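Heads up, the next two complexes both have chain A, just with different partners, chain B and then chain C.
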Partner chain A sequence: MRAFEYVRAADVDAAVATVTDDPFASYLAGGTTQVDLMKDGVLAPERLVDITRLPLHGIEHGPDTIHVGALTTMEELAADPTVVARLPIVREALLLGASTQLRNMATIGGNLLQRTRCRYFRDPSVPACNKRSPGSGCAAVTGAARMHAILGVSDRCIALHASDVAVALVALNAVVRIQGDQGRRSVPLTEFYLESAEDPVAENMLAHGELITGIEIPLLPEGARSGYLKVRDRVSYEFALVSAGVALVIEDGVIQDARIGLGGVGSKPWRARSAEEVLIGAPPAVETYRAAAAAALAGAWTVPGTAFKVELAQRTLVRTLQNVTEVSS
Partner chain B sequence: MTHVPDVQTTGAGAPRTVSEVTTTLTVNGEQRTVSADPRVTLLDALRDRLGLTGTKKGCDQGACGACTVHVDGKRVLACLTLAAQCEGREVATIDGLGRDGEPHPLQKAFVDHDGFQCGYCTPGQIMSAVALLEEGRTRTDVEIREFMSGNLCRCGAYPNIVAAIRQVASEGGSDARL
Partner chain C sequence: MTATQSRPLVGAALNRVDGPLKVSGQAHYPSDFDVPGQAHAALVQSTIAAGRITRIDTSAAEDAPGVLTVITHLNAPRLDRGPMTGLGASPPPPLQDDRILHHGQHIAIVVAETAEQATDAARLVTAEYQADEAVLDLDDPRAQILDNPWGLDTQRGDVAVAMASAEVVVEGTFTTPDNTNNPLGLFCTLAHWDGDRLTLHDSTQWPSMVRATMAQVFKVPEDSVRVHVPFIGGGFGNGLRAWPHVILTVLAARTLARPVKLVLTRPQMFTSVGHRPEGVQHIKVGATATGELVALEHRSLSAVAMEDDDYEPLAAGSAVAYACPNVLTRDRQARLNIPNPTSMRGPAEAQGNFALESIIDELAYAVGVDPLEIRLRNYAEINPEAELPWSSKALRECFEVGAERFGWSQRSPEPRSRRDGDWLIGYGVAGVSYPWYQAPCQARATISADGNGYVRSAAADLGTGTYTVMTQVSAESLGLPLDRVRFDLGDSDMPIAPQAGGSGLTSALGNAVQDACRQLLDSFLTLVHEDEMSPLRGCTRADVAVEDGRIHRLDAPLEGETYADILARHNLTELTADGASDPGKAADLGMALAGAFGAKFVEVRVDADLGLVRVTRIVSVIDGGRILNEKTAGSQIVGGTVGGIGQALFEDTVTDAGTGRIANATFGDYLIPVNGDVPDLDVVFVGAPDRGTPLGTKGVGEVGLVGVAAAIANAIYHATGRRIRSLPITLDTLL
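What follows is the complex of A and B.
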């Protein structure tokens, strides 16, 4: 690991100023991505600004939204009574991710900014990686790919954004609160991420030094049904091959509102609006779900190692919709 | 916290001074102080500087759970925690669990049920299981397996580990505190 200076941020403004003014500084939250990738030599900041003592912990409850401080851990958010009662999709996505030890460390802000698990990205001895070394090529496109993306990708990079909870949060129209040295702004999570097809390096629209201070999650209406299903190579403590997070409002036998997020498939946490369009206005039925799933995967771009995901993602979405609506095949 | 100028780095950026960080923390109820390069993890601080070798280094990458310790009452991975982050924190390790001749109920149950073969993962398993009992996640074997899944065992002692935890849970959890 490259030597670095450790700084404990005194307050939010000081943290933002320190990182903004220093192109070689990074934030440190739970460290489960940052320290891991520094050990691998993929990240090599010269100054690490520890933000874990900043007053950005905890959850504020409003009538229609909750505001989650960026330093709230995954375990804390999953245990929140409002999340348990009103946002099962968020709770399930959180508890199906990582392990309890990691969830006690990992913060929500850090989770949204976790880096891809692409094994070539994480191994600096592999020369070809456009994300690590722009212009060097992509070892995954020609090599062994499996934990890679099929939507929002191109032959320049097929890296997956592997967060589970971000899939639930894009479906719920969550909003990211950001503070920079020029002030504050709020960005819908669906507009926060960039597709690697556009640029393998830039993963989101944060400028260097901008700090995520929190996330606002709109509550689902009473009576909405939601759930998250994750399909993995082993039954627990594993990243998704594919996953689906869905939230539906059904009245008078018709789907009035539908929100679909897909995981394990996108270079960003994937919001499947084309699937939502198929569902809204239709009755809850398996044929409708299949049509929606086909629409969601229509733009898939695969390599031999990821081709299986097109079918698996559709089946996973259909099953998730069946589970939350109790519609059998 | 005091800074002692130590190492010079000249990376892609301007040359700068990297200071050792002095961290005071509580380990198994005792106040301890570590002065170390900021790269030193809690795991290396415990093992190499404080002489507490009960906590094991498996993958050193957050994947195996061998380094599980408690920080402020929560189970975490010591290999991905920087020692410098632990200023003022309370750390509990396997070394502080039970006493000679008086094992913690989980330690005894692991022996009774053969919850290990080589024993390398065991300190992490037990620290995780102590937390599991406090979290109340021992209602079924399925729940025990799911919430112990962050602790890998290369020897495959899983069924016996689950049996050991189930026994302690059915006896009312761990009354022996850390």
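What follows is the complex of A and C.
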């Protein structure tokens, strides 16, 4: 790890100003990604601005939304009674992520900004990484790609966004609150992330110095069914090979609303709108689910190591839909 | 006749004597040691797998804060290769020329005042290479092939003729990947020279070997080198060699005339201290229509580094596993541009058993015989290679007891015949005949003026319980209660001991300890032989017993005296005796020395659509001869079983095509089982003390791992009807 300056931010404005004015400064929250990448020599900020004592912590409950401060930990959000009662998809996604120790350190804002686990990105001795060294190529495309993405990717970069909870949040139309030196703005999470197919470097639309201050999560309507299924090689403490987060509203035997997020497959937390279109207006049935799953994966771009994910992701989405609707095969 | 009073010290499920030290943080592992004035080292490693260094620039590193020296092949002295050891050649010494033989080869060691400064400066060393095309695949026609590298190939009968006459023939090709040992404790070396005297703290399973290696490499007498390893954070075989990073640390300390400490990083643990090499095996069995084996042919090819040795005869073990009249085994190695492999828990057997016990399972289905029954039908009552009776073998009992505990009789014969919702359920079984690696051992026993015992040997305790069981053996052999005996190890100045590895240490060391204790009792009796004051005068060991530190006459138990009394009367502060053990030869004993045997029964559930595999039950029944401590031995089997689950389902060290870089050299990317992957494990010991050694013990360090992969693969076949011949078995292969 290179030497760096550590400063503790006095307030949000000062934190934003400090980082905005210094192109070599970064924020430090839970540190579960930032510190790892600094140790590995991938990131070498000259200054870390510690925001952990800023008043961006806690959950406010509105009638139709909850507002989650960016510094709320994953474990705290998972334990929130409203999340338990109304947003099982969020709770399940959180609790299937990382480990208890990490969830007690990692903040929800940091989770959204976590960097890819791609070992070619995370090892500076690998020369070819378009995300780390633009124009250098992509070693993962011809490498060990089992944990890589198949949607929103190209031969320039197949890095995966590995967050679980972000998959649930894109499905729920969550909104990110952002503060920069020019003021505040709110951006739907579905528009917040950028695909890597064109530009592997820019992962989201934050400008340097902009800080996520919180997330608004719309509550699901009463009676909605939701769930999250994560498929991975071992039982816990492992990133998804594929995952699916679904929320459905079914009335009179017809799917009135459907939200589908897919994990383990996208360069960003993947919202499968094409699958939603297949489901909405149809009755809950396995054939419908299979058609929706096929639509969701229609645009997959694979390499030998990721080819299996096309089928696995479809089966996982079908299973998740079956689970939340209690429709058997 | 035993000289000491028999009491339930050996065999008892005692807690670890070192447990309190460990849980209170007072057990000092190599990285816990620091010496005044020590500097810290970091390694620079090659980023190509084959070629030459054309330029190496250390100037920026040398100018970095705190840096004391940077050693490369340009300024390193020429070093001799270490000696041959009981396990083969020493690794070639590092930094001897500009050649690169594998990705991750050490090309420089940077020493600085702090570990952080060394790590930072190591990143500033830049190298330019002339890269050659690396040889990375077993099937690369450029790879040099070594035939029969250990001279262990076997042939009995006429396999070709028998195979042609067989009523049923089953064959298959099995592949096993590179696995990485991954002990939790990062390997550490702390080297301190005082003139020509070297003191070393090192993560080793074999202090005596490290001492001999350093003496030879640095041209100093062996007795001027002292290696300490009171505790080691695991090893699984990594600690069986004196690796290049150890030599580099010692070299840096000598160059600087300062103590130097190096702790490997986790990624460096994948390239610096060995791994289980990948292998491909072709195995073919011929049988009668009722499943009696008539021919068995097993051929293997495994990977080895360009200029190093590794012991992996994958097929050799198949020659003694079953009573089959016609057997051929052939083992070969291919030289690749890979980091040096080494033994990893159950070397060769873990891979070879997967192929053998899978093909036997295939044969069972082919002839319609229960997989358990076919193993009993071909049971090797004697060692079929040596044609001698086993010194002990209770494998039949392993199968029978295991079947009962597991409920094997509930198995439905047809594959894919049991289902619970989305889950397919299957049962699998595998047998294990495990060899052990026998070596001579020495120990020393002392009784001090207070009558307490102190016994030691230069062995290492991997965490398996060596301190504990040797305390038990010492206490029983000396006739002292446990709390009056201390057993010590982990110091090469103690009497020479073999490696903690190969399932051989407990037997070698236990017999040496027992011998030293008996010699010590003899010394006491010699001391009082003419002693008019002693009630024991004229006695030999056969005439006495020892209880609670008091030696008494067997014919007159009231006639006796304590160790302390004898020492006091003779004005001695202590009395010491040495002991030794040497494994017997089969020809002399008229028996084939047996290692442990085991039967593994596994239940799996496989998600029919998603391919998820969950191991839900494992029963392991082990014949380990005389078990010195049911608790620590049981823990060995539990730990080995977890390793077997890892081998079966998760562990896969992936090498990048072309570059030879290991693609998953972190604990985030290289999967090992987590608690959720491990069901409650049932472990039972059966059998009797082995007849081949005085103590009757057999090693149980590896038999726990071997067989688990085959039993899981066989259970997956039973659950799904899918025969998977390649490890690890991941869900994508079952979709």
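To be clear about the criterion, the second predicted complex is superposed on the first by the 329 of 329 C-alpha atoms of A that agree within 3 Å, B and C clash if a C-alpha of one lies under 4 Å from a C-alpha of the other, contacts with A are read in each partner's own complex, and residues count from 1 in each chain.
To be clear about the criterion, a residue touches a chain if its C-beta (ideal position, glycine included) is under 8 Å from a C-beta of that chain, and two chains touch if they have at least 3 such contacts.
Quick caveat, the model's predicted, so the values are computed rather than measured.
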Inquiry  = Output check: A:237 vs chain B and chain C. Expected answer is one of first, second, both, neither. What do you get?
reply    = both
Review point. In the superposed arrangement, does A:50 touch chain B (first), chain C (second), both or neither?
Key: first
Ask   = Of the two partner chains, chain B (first) and chain C (second), which one does A:144 touch, if any: first, second, both, or neither?
value = second
Identify the partner contact of A:11: answer first if only chain B is touched, second if only chain C is, both if each is, neither if none is.
neither
Self-check item: First, second, both or neither for A:3, with chain B first and chain C second
Solution: both
Checklist entry - Should A:316 be classified as contacting the first partner (chain B), the second (chain C), both, or neither? => result second
With the two complexes superposed on chain A, say which partner A:126 touches: chain B (first), chain C (second), both, or neither.
-> second
Residue overlap on chain A between the chain B interface and the chain C interface 1-3, 236-237
Within the complex, chain A is touched by chain C residues 45, 47, 116, 119-120, 123, 267, 422, 609-612, 614, 649-650, 654, 656-659, 661, 663-666, 668-669, 671, 673-677, 730-732, 735
Counting only contacts in the complex, chain B reaches chain A at residues 1, 7, 9, 11-13, 16-19, 21, 37-39, 41, 60-62, 65, 68, 74-77, 80-82, 84-85, 87, 128, 131-132, 135, 145-147, 149-151
Within their complex, chain A touches chain C through residues 1-3, 41, 117, 119-120, 123, 125-126, 139, 142-144, 147, 231, 233-238, 241, 308, 311-312, 315-316, 318-319, 329
In the complex, the residues of chain A that touch chain B are 1-6, 8, 22-24, 28, 30-32, 35-36, 39-40, 44, 46-48, 50, 52, 75, 98-102, 104-105, 236-237
